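Before I ask anything, let me first share the structure, which is written out below as structure tokens.
In order of appearance the chains are A, B, C and D, and numbering begins at 1 in each one.
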């Protein structure tokens, strides 16, 4: 039973780290702010959730489990809301999302600039 | 690895002209240094750095940035002289480190004098598992009292520097709407999280004897919760919930509670801040004393931080109104 | 071993130098305060690194552990952090007041304005043929 | 078994840091700060398990809270101090 739990939490931890890593790659490589927000926030939820659940399987019943659950709730609430607020503020301040036609026109320009 | 991150961030801070970016990077810098403190076994310090450095400090810098220009002017001088002075100092300091005991050396002189006594005897004398709390509140109680008074004095200094007259406040309140009205999702989520934050602050306050935490950290977290509320729902609403006069009185009350415990100890026949006499059993007395003075610390720190933020925000409101 | 043993202290020195450099080479007062914070943090690191014992754990007593790190530096630094933010807040309040008085937070501009004011005062004083007073001695 | 996620998280943090240094607009920096913060929470949770003392998860909770609050703070103070200038250099 213990070994089963270990293997399960191992799988969860590794897949969580994988998703987090993809998010980071997206954060770094995507061309404009909104797509970066997308990459960061979506993988944030999944990756953090998987890693925390993986840790929970290791923790066993007790205060530690409760604390991990609290972290999970906080990160689910806080990180998504923060990303939403950020995107909204950016849109309000006049930052335009990069559309397909923009991309064709200015793809070289943006890549060379950054 | 983390240390190198830290150095990189610090270098990036020197190169940036936009003060907003500088403040954000200094937030990252605090987060990094807190993880490093955690790695070096300093749990309580990591706790404090996380809540103070990354939270309150960033917010205060941002509040100031709203009052002053955002961009740094390019300096006209070549910084060669400054660089020279810095490099000479650095060379001397590195020469100095060559004589230091190695990192993690258990035989270093620092570990020989008082630390073994704290580690071995505090469980019998004070009876708390968290040695940091027992040293902070009991063995070095005077020291902590001094620190709390410094925080109190700094709070008074800011209050007197950034005073805004009642008349301006009254006029401004009728005009200035609450900020972030349009962020509905944010406001609802914050409303959900606020009670959790405040309860967590109380947990940190009273669990500080057994785990990481204590008055300083709890006060800062509590203040951060109130500040979150202020940022999202506006100054006037917050001030109708918590009267500023009440907060200012609490600032003094915490210090009074702390020093009052010391005086009660003297009346009961012990030395100043000697908690053994507070109860029949010395260990029980220590428990009671530490609980009370941590409460005093927590109240003062929370009240001072809230007052600081109020003062800075009022100043912004005043500027906006005058323009 | 020598190099690895002292690596922590060297990073502390580097951080301290960066903070020091910001404080003396930049003219913006806010940036100076950030530099002071970095300098402060480097001192914290010095203390905490000295308190670390290899193979030890955090100083919260538990039956399962025997070696603990030194709790004394932790206590000192814990209070120092909170006092540090209080003094930083005081500095920020001063910056706000300076900006309101001078209209700038660049050290250079402030000094130029100060010198200008002082010269004006002196000229005014001599123009009125006042006898040299305490005020003149101060300005010299 | 906790080492591999820890290393990956460190790499992710490095990437977020790079984005924070580079970030063409200020919002990119805010996003990087937020990502950095959430990754730090995870890293601390994992370090706690690595060190074998999972009782210190309080610190991770504080991080999650403070990170949220500081991001909100940055947004709020940035919002009406400069409506027009998104680009960094004047």
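Everything below uses one rule, namely that contacts are C-beta pairs under 8 Å (C-beta built on N, C-alpha and C of every residue); 3 or more make two chains touch, one makes a residue touch a chain.
Predicted, not measured: the structure shown is a model, and the values here were computed from it.
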Per-chain Cα centroid nearest the overall protein Cα centroid belongs to chain B
By C-beta contact count, B-D versus B-C, the higher one is B-C
Cα centre of chain B to Cα centre of chain C, whole Å, reads 16
Distance between the CA centroids of chain B and chain D (whole Å) is 20
Here the gap between chain A and chain C, centre to centre from mean Cα coordinates and rounded to Å, is 37
Per the C-alpha means, the centres of chain C and chain D lie apart by a whole-Å value of 25
Note: chain B residues in touch with at least two other chains are 43, 63, 65, 186, 193, 211-212
Multi-partner residues in chain C (2 or more other chains touched) are 57-58, 60, 62
Going by residue number, chain D touches two or more other chains at 30, 55-56, 58, 61, 65, 67-68, 72, 78-79
Listing every touching pair of chains gives A-B, A-D, B-C, B-D, C-D
Residue positions on chain C within touch of chain D in the complex are 57-58, 60, 62
Given the complex, residues on chain B that touch chain A span 182-183, 185-186, 189, 192-193, 196
Counting only contacts in the complex, chain D reaches chain A at residues 1-2, 4-5, 8-9, 11-12, 15-16, 18-19, 22, 24-25, 27-28, 30-32, 34-35, 38-39, 41-42, 45-46, 49, 54-55, 57-58, 60-61, 64-65, 67-68, 71-72, 75, 78-79, 83-84, 86
Listed in rising order, chain C residues that touch chain B in their complex are 1, 4-11, 13-22, 24-28, 30-31, 33-35, 37-38, 41, 44-45, 48-62, 67-75, 77-90, 92-97, 99, 104-106, 108
Within the complex, chain B is touched by chain A residues 70, 74, 77-78, 81, 84-85, 88, 92
